[in-house]
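Same chain, two partners: chain A is paired with chain B first, then with chain C.
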Partner chain A sequence: MKAAVSPMLVRLADERATGVLIRERGALYLVDGQVVHAESPAAPGIDDLLVAGGRLPRAGWEEAIARAGARHMVGRFLVDSGRLADGELEICHLGALFDAAFFTLAPSSGPTRFRYGVSHWIGPVRPVSAAIVARESARRRALLAAIWPYPDIDSAPVVPRAPTAGRRIPGRQRRVLSLADGVRTPEAIARALGRPAFHTLIDVRRLAANGLVETPTVPTPPPALPAPLPPFGQYADPDISLLRRLRDALEESL
Partner chain B sequence: MPGIDKCLLHVMELPGARGAAVVDWTSGLALGTVGEPSGGDFETTAAETAELARMAAEHAAFAPDPADRPDKEPPVQDLIVSTCTGFHIMRFVETTFDSSVFLHLWLDRDTGNLALARIRLQSIAERLVF
Partner chain C sequence: MANTEAALKEAMTSIEGVLGVALVDYSSGMALGTIGGSKDLDLSIASAGNTDVVRAKVRTMEQLGLKDEIEDILITLGTQYHLIRLLKGRSNNGLFLYLALDKDRSNLAMARHQLKKVEGQLDV
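== the complex of A and B ==
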């Protein structure tokens, strides 16, 4: 798993760099080599978790951006203005940070860039060491594989299967299942519920392992063509005596 | 309105407290830790306690009748594991946004007070998000 982690992240942590690390599927914001924020198009942001989760009205979030965004102090403002408790902000922000980092650090062949000096408007909340973020991303990948080793399920629309009568589905999985309509992907379900995408992937893989949602079939490569026949004339001469004995045996059994 | 670290320091003020953590039970990630880990390192301890917490939260045997608490999450308030040398209390944290977090306290069997710790852990879990 170590090879999957960006070597650049290790170096930036060592040199205590400040800026943003941009990879194919997201970005990690560093201050003094520590991860202070992460964003990925595949993961709901902290605003999604707070607003869709029902903790903050959208207007309250937008006011915080308007009043503290330019100062890069949105997190602090949410707490100081009494909108959130410190613990709530930290739990929610760490949830979003590790979620986006999981997708950002996914093995990819794309380029990795770093822009020095860039900071994020959320501002300081609870920095995490880059080594912990990298290790946790690898652990999460292994956790998903251990539950149900079919990664294609993570990006496909979630298709429910007819439930077995009398089976009790845990509450959190039930809410995921209730939004599975054959159109929404796990990511769309996560946004609707105001939940980290990884947490939804865990539930979707568990549901699939229990036969409650379909596991998408991976398109198989077309079957290889049969080996061409050897050109005429290259066959060994037929064994005449063997053929005779076969004929005789068949006639005897008639 | 203390944050994760302050809450953990309050937890460690309890007599007999050896280690504590705030853990997400869906992913098994420790969001914050203090003191010593009960199982080798904090990451392993968090993943293992999370697995136990998840089972308690999800299994029907522990779920109250939905008529009494309709769809309230998590249905379990706390878990207590006693060993010959210690106690573990896992207190679920109720939040008004979607989360799956608990407080884990490892308590020494001889110097710890389980009843007191359980009550304090409840109030600390409430203050963490209020």
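== the complex of A and C ==
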């Protein structure tokens, strides 16, 4: 399982390397072979989680960067200056770390590089073993597939569907749904809410499984020999509402 | 103002009959910290599984239209108690504490009281 994720990560953990592992969709920062931070363009950073999540004013975050960024002690500074409690920083940081690691360790064919000696400005918070990070990323992938096995939904704009009358939606999903406007992707919704991207993917897949947002249709490869087109006007429109009712009924009976 | 490890250790030592404690992120089902456990009690599996327990209860309450919050959930086995305490932190991350107790060595009322104290220390 470990080797399937990134053989290089396993090797770097074994040799207790310090530096940054850069893959197609993100980066993992290691100190002595342990993961101390992760970043991915697909995941809101710890600053997004703290500021958009309402825990820290933007100015407070910027001051921490200005005063402790160069020393690579931003995390410590946030706690020592009384802006965050120790536990709060840890939880938020771990949330951001595992979120970015999930995207960084996504299966990809792109190149993997490691730059020795590089460290991150957030500084020491709580290191996690590389094996745990790899295992958790794999568990998350399996969890998404178990909820609704359509990975294309993760990167597409979220399109809400007309709700079935009387259906109650859990609070966290309701807030995701309220930002689904056919333009925002799950990642954009995550940033707006100040929540980890993976958590938003879970909500979006659950919403899709319940028929509350559209599941993008995967373009099927064209057949080798396309059938000749019938004369214009002979196609009957597919009865979308009938298909939806059928699908809803099938889902109800699951 | 304890960090998570200190708070979990506190739970482990201050509560009688504890077999294991985990701090769990409710949305992902990931254990953010664990202490104790054994080969018979894998806390990361327990964390992920009990997330489904919490979600099922939250959903049922929504369906019933109950405008209330879950404080804790108690599951009584033949030889163990499993206690789930939902945290009401200001950052509202959706976390819960999961506690497994040996039924013969524990005092349920005390354990609930202590777990509440641990939540206070966690300050998340």
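Going forward, the second predicted complex is superposed on the first by the 221 of 254 C-alpha atoms of A that agree within 3 Å, B and C clash if a C-alpha of one lies under 4 Å from a C-alpha of the other, contacts with A are read in each partner's own complex, and residues count from 1 in each chain.
Convention: a residue touches a chain if its C-beta (ideal position, glycine included) is under 8 Å from a C-beta of that chain, and two chains touch if they have at least 3 such contacts.
Every value quoted in this text rests on a predicted model; they were computed, and no experiment measured them.
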{"item": "Clash-or-fit label for the pair chain B, chain C on chain A", "value": "clash"}
{"item": "A:L193 touches, of chain B and chain C: first, second, both or neither?", "value": "first"}
{"item": "Touching partner for A:E214 - first (chain B), second (chain C), both, neither", "value": "neither"}
{"item": "Touched partner set for A:E63, first chain B, second chain C, both or neither", "value": "neither"}
{"item": "Footprint overlap on chain A, where chain B in one structure and chain C in the other make contact", "value": "53-55, 85-88, 90-92, 94-95, 98, 126, 136, 139-140, 143, 168, 170-172, 195-196, 198-199, 202"}
{"item": "Residues of chain A defined as touching chain C within the complex", "value": "53-55, 85-88, 90-92, 94-95, 98, 126, 136, 139-140, 143, 168-172, 195-196, 198-199, 202-203"}
{"item": "Residue ranges of chain B in contact with chain A within the complex", "value": "1-4, 6-7, 22, 24, 26-29, 31-32, 43, 47, 57-60, 71, 73, 75, 93, 95-101, 127-130"}
{"item": "Chain A residues touching chain B - in the complex, by the definition given at the top", "value": "49-50, 53-55, 79, 85-92, 94-95, 98, 126, 135-136, 139-140, 143, 168, 170-173, 193-196, 198-199, 202"}
{"item": "Of chain C, residues touching chain A in the complex", "value": "1-5, 7, 23, 25, 27-30, 32, 48, 55, 58-59, 62-63, 65, 89-91, 93-95, 122-124"}
